[in-house]
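For reference, the structure I am asking about is given below.
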Amino acid sequence: MTGQNEVAKLGHVALVTPDIEKSYWFWHDVVGLEEVERRDGHIYMRAWGEFEHHSLILIPGERARVDHVAWKARKPEDVELYARYLRSQGVEVQDVEAGEEAGQGRAIRFKVPTSGHPFEIYYDMERPGAPDEKRSRLKNQVYKAWSRGISPRRIDHVNITTSPTPALTQNWLSDHMGFKMREYIKLNNGDVHAGWMSVTPLVHDIAIMHEGKHAGPRFHHVAYFLDNAQDVLRALTILRDHNITPDLGPGQHGISQAIYTYVRDPGSGHRLELFSGGYLIFDPDWEPLEWREEELVEGLFWWGDRWAPGSGHAMDETTEA
Amino acid sequence: MTGQNEVAKLGHVALVTPDIEKSYWFWHDVVGLEEVERRDGHIYMRAWGEFEHHSLILIPGERARVDHVAWKARKPEDVELYARYLRSQGVEVQDVEAGEEAGQGRAIRFKVPTSGHPFEIYYDMERPGAPDEKRSRLKNQVYKAWSRGISPRRIDHVNITTSPTPALTQNWLSDHMGFKMREYIKLNNGDVHAGWMSVTPLVHDIAIMHEGKHAGPRFHHVAYFLDNAQDVLRALTILRDHNITPDLGPGQHGISQAIYTYVRDPGSGHRLELFSGGYLIFDPDWEPLEWREEELVEGLFWWGDRWAPGSGHAMDETTEA
Amino acid sequence: MTGQNEVAKLGHVALVTPDIEKSYWFWHDVVGLEEVERRDGHIYMRAWGEFEHHSLILIPGERARVDHVAWKARKPEDVELYARYLRSQGVEVQDVEAGEEAGQGRAIRFKVPTSGHPFEIYYDMERPGAPDEKRSRLKNQVYKAWSRGISPRRIDHVNITTSPTPALTQNWLSDHMGFKMREYIKLNNGDVHAGWMSVTPLVHDIAIMHEGKHAGPRFHHVAYFLDNAQDVLRALTILRDHNITPDLGPGQHGISQAIYTYVRDPGSGHRLELFSGGYLIFDPDWEPLEWREEELVEGLFWWGDRWAPGSGHAMDETTEA
Amino acid sequence: MTGQNEVAKLGHVALVTPDIEKSYWFWHDVVGLEEVERRDGHIYMRAWGEFEHHSLILIPGERARVDHVAWKARKPEDVELYARYLRSQGVEVQDVEAGEEAGQGRAIRFKVPTSGHPFEIYYDMERPGAPDEKRSRLKNQVYKAWSRGISPRRIDHVNITTSPTPALTQNWLSDHMGFKMREYIKLNNGDVHAGWMSVTPLVHDIAIMHEGKHAGPRFHHVAYFLDNAQDVLRALTILRDHNITPDLGPGQHGISQAIYTYVRDPGSGHRLELFSGGYLIFDPDWEPLEWREEELVEGLFWWGDRWAPGSGHAMDETTEA
C-alpha cells in the first residue's frame, strides 16, 4: 500500500429501493434526514450536522441493493492516484465524472476484489448551506437539530457481510485502503468471524462480518450517530408511534461499546443502526482486541435486547450489495 | 369501605433471604440503598430520597419469602380503625407493637383474604436524618445522591401474583383498601389477567397479576424509581460490571409507560424493577383503561427487550409471599 | 374549610395575548402544544400526554394578562357547593355556563380575595381523542410524543406573585382550597417570602411569591413538564435555533429539586417554565420545609444559571393576572 | 514542518499543587479518577476508559503551576526526530529518560517558544490493566465505569492562555506540531482572540486564548469527557453535595458545541472542564470557521450559564503554566 491509498472517512451510501416513496417517508419523515437535491429520480439527503452535499442517496430501482459505499480521499490527487493503483492491481475501475453524482467532483468506482462490494472514492464535494428557514443559527452546524423525527447528527459507519470468510476482505481493506483492525471475533476454528476497522478514531468506519445465508456481496446496515444514549430511547418511541417495529434494541454492544437500535427501511429492507456512545481510538500503537468464541455473546451484547446470530432472527437478514 | 380504609402510600417491603450477605451486597453495594439500622439481624434500608426510616427490610431466613408489604395509613387513628374494620370482616389481624419493627410505631399485619399476601398498615414512622458525611446539603433530600451503585431515588410499587384469578384480589383491594384500578388486561375469556392499581397519582402502587406456576401468594417484584430514563441504562452497565445478568430490559411498557429493567437479588431471588418515567393520574374521573388480549403484547412491551409470559422465561419466576 | 373545598388538580391557564399569531407560533410551533379547538378567536391547546380538552387557552386581547387559572374539583357536586361556600364567605362568584368555555361543563370564577388572582373551578371536561394522524398508538397517551418542538408531556404548576406579602394568600389557599404548604422561604423579618403549595403529591401545584414591582395580582409563570432532565437541554437548543433567548436556565432549584429553564412567549410576555425532575410527597404527615434568608440562594439555585431576585433581571418581570 | 512533527494526541497533564491531599480528594473522590501509581510523591491517575498509564499527574509543590502538557508522537522514532528538529530551530530541549516519569519511555520536554508553555513529547507508555476488583468485564474498557464520583471516560483537551496575542502561538503549533485550526474568534482590530486546534477529529485538542491579566504562560483548564449531556448535570449534583461551587455551567458553547461545566480543584486552583457532546471533523478539506467580534457572545455561549470575559468573573482566573 502507498500513502495515498488510505482514505479519510466514510462519505455516503447510495441505496436502491423498489418503493422510493415509502423509503423517502422513512428516511425523511421518520429518521429526519434533510433533502438536499433531487435529480433524475435520485434523492440526495444528509443529517443536520453534515456539511458535505449528501450522506445518503435514495435511488429508485426494481430491487433493493446497495449502489455504492463512498469514501472520501485524503487529498484531491488521491482519487486519480488510487485509480492507477487499483488498475495496477488488476482491479476494474469505473470513472465517475464531476457532476455525474450531484454535488460531487470526479470520482471512481470499483468492486472490492475479495467480496464484490461496490465502493466509490471521491474527494471534491460541495458544501451547500441550508435554506434560510432550516439553517441553524450556529455556524458550525448546517441545519437546525430536532426539526423532525429521530434527528441523528451524522452518518457513522457501514456494516457489510461476505461469505464464506470475511478475513480476505478485512485483509484487502487493510492492505489496499489503510483500514486498521480495531476489534475482531475469532472462532475456535481460527476463522475471524467479524472485524471492526477504521481509518478514523472511530472504532469502526466499516465492519465486515460473516454472511451465513447468501452468496455475493451483502449489506447489513448503515449507522447514523445520535449525541446521547437517551436519544436512542426517544428514537424507539418515534419508531413505534409510526407503527415501525425495530429489528433489535435498545442495547449496548460490548465490542465498540455502542448503544444501538436497528430498524429497516420499510420501502427497501435496508437496515439502519441508530447509534450513540462508543469510544475513540487516538493511540497509534493500538493493538486489535480479540474476542474469542466463548466471549462472543458478551462481546456482541453487553446488555439489552439481543439475538442469537444464525437463528433466523430478523437481524440475520441482509440486503444485496 | 369506609374512608379510613384508604391508605396513603406504599411504605416498605420486608424480604426474607437465605443469604443475607449476598443480598446486602446486592441492595447496598450494587443498588446503592443506605443502611439505616441493624437490629436482631434485620437490616433496615432506604434510598437517598426517602425520609421515612426504611423502605426495605432484609431478614435472614431459611428460604426466600416476603415477610410483609407495608402501607402507610392516612391518619394516626386509621391503624386502629382499620384493625377493627378487618376483624369485623372476619380477617385475622396481628398487632405489631411500637418499636417491634425498628423506627415504626404501632402497626397491624394481616393476610389479604383472597390471596394470602402479608400486608402491614402503619402510620408512625421515624424520619431520621443521615449521618453527617452522607447527608445531602439539600434540606429536602436525606442523603447525597449518586454515592454508590445504581442510586435510585425512592421505592415505587410492588407487583404480586395470585392464582387462579387476580380479579378477586383486585376487587378486595378496591373494596377494602381504596385502591383504584388504572389499567388492566382483559383476556378473551373475560378474565382480568393483570391490573395496575393505586391510591396515589402513580399509575400503580401495586400490580396484581395472574400466577401461572405456583399456588399461594407470590411476589413478582418491588420497584425503585430513577429520575431519568438514562439512569436505567447506567444501571445496566453497573449490573453487568458486577457480573449480574438482568432478567429483562431495557424497555418501555405500554401500560404505565414505565422505562424498565428487571434484575433479581442473587442472594434471595427476589426481583427488583429499576423504573423511570411513567405518567401521573390527577383526574378524579379517570376511567380504567382496558387492554384486550390482542393488545397484550404492545401493552406490555411498547419497545425494547421483551418476553413471552408463560414461556418459561426468567421473568415468569416469582418468590413466595 | 369543608372537604369539598379541596381541589383535585391544576387544569389550565387562560392567557390573554396582544399578538396571538406570535403567541400561537410560540406555543404551537416552538413548544409543540397541540391545537384542540378554535372558537370565537380563542385557541384551546394541550400537551401530548393530556386527556382533558385543554391545559392552555390563548385569548386575543389588547394587553397581556391572565384571564383565569382553572382548578378541577374532586367531585361533580363540588363546583356548586364551592360556589355557595365562597358566597357565604362574601366572595363574588361568576357563573360559567356549560360550553361557555369550549369542552368544559358548568364552572365558576372568582378572584382570590387576598390577592385578586382570577381562579376558575370546574369538574366536567371533555376528553377528546386526537385526530388519526396525530394519535398515539398507546391507549394511555393521546398524541404522538416528539411531533414538534419541545414537546412537553403535561402542564405542571403555576407561579403567581402578590404584594406586599404572599402569606395572606398562602393562608387563604390553605384555609379555603385545601392547598398544603410543602416548602417556603422565611425572611429574617419573619415574612414568608415565597411558598410552594399543593393538593397533589407534586411539591407544588402553585407557588405564591412576593411581588416587588407591581400592585395587584401578577403572574410569574406556568410550567410544563418534561420526562427527563436532558429534554430541558434539548429544549434550549430548540429555543436558540428559533432565535429565542430564555430568561434563565438550565439549572436546578434546591426547593422542589426542579430542573428548569424559563422563557417568555414573545407574543405576550407570559413566562413558561420547562420543568423536569422534582420529587413527590406521599406522606400525609409531611412537615413544611423552611428555608431561611441565609439559605435562600442555595434553596433557589442548587446549581446552574441563576439570578439575584430584585436586581432588575428579566426573571423579575411579571405579567398582569 | 516535516511529517514526524505532527503529534497523535493529547496524553496527559502534570499539575503541581500546594495541597496535594485536597487535590487528591478532588480528582480521586469527587471527579473519580483512578490512582495508578505513586512514586516520589507524584500521583499518577487516569480515567476508567483510558489504557495508557496516566492522563493526570499530581505533583506536590510550593505553588500551583503546570509542570507539563504531554503529547503522544505518531511513531516511536518521532520523539528523537522531533528533538533534533526543535534543536535545529534553536529550541532548548530537555531529555526525559525512560522511567523518569512512571510508566513512560524516553521523552523530551521543551517550552513553546512563543508562549513558554511546558510541553512533553513521548511515545512509549505502559498500558497497565486494572486491579481485579476494579477491572471492567469489557475488554475494551480498563476500569468499571461509575465506581465513584463524576466518573468521566477520558481526558479531552487543554486550554491555555497567552498574552498579548495568541496568534503567534497558534501559528507555532500549526507550523511546528501539525495542529490544524478548526474554529477561531477574530476581533474587529484583526487580532485572533482565541483558536481551537486539533491533530485529531476532535474540534480541539488544545485551545489557545488571549490572557488578560498575567504575563508568562498560563493555563485555563484541562477537560475530561463524559459520554452524555445528562452526565454533566449529574456531575453538578455531585459537586454541590461535596460543597464545591463550579465556576460556570451548565451550558453549551457555540464554538465546538460542547456541553460544559467548569470547576476548580480546591487544592490548587487548576480548572477542570466537564465536557460532553461536541462534534468531530473528518474532512481533510475543513476550512477554519471564523467567529467575528459581534458573534462572540453566541459563539461562546449558545445557551446556559455564561460570563463576560474580562469582567473579573471566576472564569477569568488562570494558573501558572
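Each chain carries a letter (A, B, C and D) given by its place in the written order, and its residues are counted from 1.
Everything that follows uses one rule, which is that a contact is a pair of C-beta atoms (placed from the backbone, for glycine too) under 8 Å apart; a residue touches a chain by one contact, two chains touch by 3 or more.
Everything numeric in this text was worked out from a predicted model, so none of it was measured.
Enquirer: I need the common contact partners of chain B and chain C, sorted by label.
Expert: Common contact partners of chain B and chain C, which must touch each of the two, are A, D.
Enquirer: Count the touching C-beta pairs: is A-D or B-D ahead?
Expert: Output for the comparison: A-D.
Enquirer: Would you mind pulling out the distance in Å between where the CA atoms of chain A average out and where those of chain B do?
Expert: Taking the average C-alpha coordinate of chain A and of chain B, the gap between them is 44 Å.
Enquirer: How many Å are there between the centre of chain B and the centre of chain D, using C-alpha atoms for each centre?
Expert: 47
Enquirer: Could you give the separation in Å between the centres of chain A and chain D, each centre being the mean of its C-alpha atoms?
Expert: Centre separation, chain A to chain D: 32 Å.
Enquirer: Using the touch definition from the top, which residues of chain D touch two or more other chains?
Expert: As it turns out, chain D has residues touching two or more other chains at 137-138, 228-230, 237, 240, 302.
Enquirer: In the complex of these two chains, what residues of chain B are touching chain C?
Expert: Touching chain C: residues 8-9, 49, 51-52, 72, 74-75, 123, 137-141, 153-154, 183, 200-201, 203, 227-230, 254-257, 277, 279-280, 282-285, 289, 291, 295, 298-299, 302 of chain B.
Enquirer: Sort out for me which residues of chain A touch chain C in the complex.
Expert: Of all residues in chain A, those touching chain C are 136-138, 144-146, 228, 230, 234, 237-238, 240-241, 243.
Enquirer: Spell out the residues on chain B that touch chain A in their complex, using ranges where they run on.
Expert: Going by the criterion above, the answer is residues 228-230, 233, 236-237, 239-240, 246, 249-252, 259, 302-306.
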